[in-house]
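I am attaching a structure below and will ask some questions about it afterwards.
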Amino acid sequence: MNSDDALRVLATMERIRHFEERVARLKLAGEVFGLIHVSVGQEGVAAGTCTQLRDDDAVYSGHRAHGHALAKGAPMNRVMAELMGRETGLCRGMGGSMHLVDVEHGFLGATGVVGGNVPMALGSALASRLRGEDSVAVVFFGDGAAQGGHVLETFNLASLWQLPLILVCENNGFAEFTPRSAHTVVERVSDAVAPYDFARETVDGNDVRAVWSSFGGFLERARTGEGPFLLECLTHRLSGHYVGDPAAYREALAADEWRKLDPIVRLRTSLIEDGTLDEAAADAIAAEAIAEVEAAETFGRDSAYPPESLTAEVAYA
Amino acid sequence: MSSKPDLTWMYTQMVRIREFEERVKRTFTDHPGVIRGHTHLADGVEASIVGSVSTLREGDQVLATYRCHGYPLAMGTSADAMMAEIYGKATGLCKGIGGSMHLTDPANGFLGTSGIVGQGIPHAAGAAWAAQIRGNQDVVLSFFGDGASKQGSFHETLNVASLWKLPIVFVMENNGYNVVTQSFQEDANAAAGQDLSIKATGYAMPGVTIDGGDPVAVHEAVGAAVQRARDGEGPTLVESKVYRLSAHGNLIAPPGVPLHYPEHEAIEVFGDTEQYAAALRGDPVPRMRGRVVSEGVLTSDEAERIAQEARDEMQAAVQFGLDSPYPELDEALAYVHAS
Amino acid sequence: MSRELPYIAAIDEAIHQEMARDETVLYYGQNLATVENAPFVSDFGADRVRVTPISETAEIGMAVGAAMAGLRPVVELYMAEFMLVAMDQVTNEAPRMRAMSGGQVKVPLVLKAGYGFAAGWAGQHTGVITNMFLGVPGLKVVAPATPADAKGLMATAIRDDDPVVFLHHYLLTLVHGDVPEGEYLVPFGQASVRRTGGDVTLVATGWMVDRALAAAELLAGEGIEAEVIDPRTLAPLDMPTILSSVEKTGRLVLVDQAPRHSAVSGVIAGEVAEHGFGLLKAPIVQVTALDATVPYSEPLEAHVLPDEDRIASAVRSVLGTAPVAA
């Protein structure tokens, strides 16, 4: 990761962090509705991976998708408008938080059913292969999805057909509300794929440089048609499963402990230490993110709701 | 059954299964129209079946797939009732409602089957959970094919069984084919030349691969896994390498088209006569007959007498099935609900 | 004796009482038996109350096996849509086993799931997919509309010897109502007449029952007396109660939150058309959701889902006091 990359990654993480924090507040205020899952604390994975991808690379995400969509290039104001159910939203208000799709930027979408996206990504990887392109498919899923049958079915086929698919598991240690130890005796998701013998790495997902480097290595190989790959990122969800979840089942990290883990703080500090940034420049990056979030909020609020006719319009192609 | 394998019993059950399956197959030509729908035979798999169920005791249970004729025969189910079921008769094991793919005999520990690939695996885990709660150290055997190990149900169930230390042994009968497709065409491990028992490592579970043509080897491997399950140490995946000697199933066709068993896929689809000839040379039934005679367990005459008794028993089963009446029409709605 | 309880607590109470009464009852599912549900674990032990991975096929498939082996599993699925991940087990395993074995085995299990939200949960978590279960002989489907029915039907579901899909409507979760204490059973196949009236028969299910009752109050102000029937169990379906009401009113409006072409109302309409055609003074009208994936955006969600105004309009149309609604 060179210094230009690092600055881009830092800005992406700041954008996601401030977006997510704003969304959580808007949810509690009733301006964003439905089931909202935020990724505060997990920005390093989205930023360390998606910023290396092109628009023709397909990215799939799950119910916790805002960060991936933003990092993949979805315009923030349209993501916010979608969360507010507006016509100007990414999906014209039809999808909402769990169903973000931005075809133009290769964000083929989020699906609200755990692991349901994993076989879909295999299909995009197959399409890349059949079209003879060097594009790749990337799918984000949580450790909870790894116990799903359709995920195993994908492991086998991806391995058998050696498709350019990068599986990115965000292992935050919790499947929804349940700790991983109650789900499986297999500690690491990378161990679950061990029988299928494809290249896999487990990294500290809060160390965005490590994420960037491991993902970049896989990406380079996937571009030449190799695959599949599994990148397991050990992360820490800083809040409950959804906005409003009292999260009584988990121990919150002490604030100072979290400061040591926070991927944004870590990158920012290292960039200041190596002279790439000074405090003022770092603050400016955060300020720019905040301004973008505020503009997005205004954009959403000022946008109209979609017309009733939209429902019938999109029911069939 | 004792932990020391009873070779005479094993040989007898293997011959009975072979004869039963031969009669099912011959019914298509001897009595056209009597069997409707789909049958799947276990000829070639007898040693694996018999070696596996020889490890069980009263209270243990077995669940299997649509290729299900062998297990209940070896567990004590009446051949008459089984053949009548396959013929759709009122005297059938399931009163003619289940058919070949759904033989069920809870009284003899055969809890049933699923006709859908891989879907019986979680049923077996549920039965194992019930056994765990009963606390009698009962064990459940779950039989399925290699194709089922690509079904999500396999993955989900092995994970939970390992997590909960369920008293279950997963016996994967790898016959190298998924209907027509050969395993290396659809399984990443098979394509890499690996034993499929390696899949167990993904669940932190022991996995072992054995020659399913040797009933004693099967008895020992499954027996060790059964003992481990009985002791509360959790499940094991046993890959039993077998070769089914018949095609996947009989031809299925609209009414009016005669049904029959095509040639095995090795020949019919892949033209690989050598693969099939090799399988015939390794046929576990003559192998076992040779073994019991050469080891002095049985004389040649005794072995032949057992074979003749099996032929007679299965011929009688055919006759019983043919002579039995069809169910009354109101039976069709009799078992929709239990209450 | 009865006291007020929220709908969801009434269901929990039924499960708890049945677990205390019958040690073969199991209760398990994802996210269960974490600290929030600790009472079930402490009362009945970790053997009978278990948290599972996100593995719906294994969860439901194990229920089938455990049921055949003599237990009575209650699987907590939270959302009806999650059954779609394991649809083979729900529709092609659990309800088939008894028939295929010629009655040798029984499969007493309960698949407990919420359904039909209307609060921005969007396309994949808001469906009313009851018809996918209704068309499966062997499967029973219940959809209580009150806390008391929720308790009584859950207890009956657990004691029933067949697989039961128990659907509780999300919007009813915190609705309070009188719930009998102690053992309380509501039989399957018996509709509840929630309001009597002679002008029109309204049949509604789940959350729509309260909407139908609200519409009936609205209409009463216009001099129209509606009879409101809640079938309570969709399979088996109590057609005699519905037919005898139609005999009295001659008019039928069916209310269902499912999309129009997959609603239980279509089944009821077909039965009434066949067995009660001569009783009808006007065509049957169905008030259902539109045939659309439920949109996220609030105004659109309201557009596709039925409400009391649409129910009232439909009633006026069958009484000839307003044009027939589309």
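Order of writing sets the chain letters: A, B and C. Residues in each chain are counted from 1.
Definition applied: a contact is a pair of C-beta atoms (placed from the backbone, for glycine too) under 8 Å apart; a residue touches a chain by one contact, two chains touch by 3 or more.
What you are looking at is a predicted structure, and each value in this text was computed from that prediction instead of being measured.
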{"item": "Far-end chain from chain C, centres as C-alpha averages", "value": "B"}
{"item": "Pair exhibiting more inter-chain C-beta contacts, B-C or A-B", "value": "B-C"}
{"item": "Mean-CA-position distance for chain C and chain A (Å)", "value": "36"}
{"item": "Centre-of-Cα separation between chain C and chain B, whole angstrom", "value": "40"}
{"item": "Approximate Å spacing (C-alpha centroids) for the pair chain A, chain B", "value": "46"}
{"item": "Sequence positions of chain C contacting 2 or more other chains", "value": "52-53, 55-58"}
{"item": "Residues within chain B bordering two or more other chains", "value": "152-153, 155-156, 159, 163"}
{"item": "Residues of chain A engaged with two or more neighbouring chains", "value": "147-150, 182-184"}
{"item": "Of all residues in chain B, those that touch chain C in their complex", "value": "61, 63, 92-99, 102, 104-106, 111-112, 114, 116, 119, 121-133, 152-153, 155-157, 159-160, 163-164, 334-339"}
{"item": "Chain A - residues contacting chain B, complex", "value": "147-153, 155-157, 159-160, 182-186, 191-197"}
{"item": "Sites on chain B touched by chain A in the complex", "value": "150-156, 159, 162-163, 186-189, 191-192, 198-204"}
{"item": "Residue ranges of chain C touching chain A (in the complex, touch as defined)", "value": "30-31, 33-36, 51-58, 81-82, 84-85, 119-125, 290-293, 295-300, 303-304"}
{"item": "Complex contacts: residues of chain C adjacent to chain B", "value": "26, 47-48, 50, 52-53, 55-71, 73, 88-89, 92-93, 97-108, 137-138, 140, 160-162"}
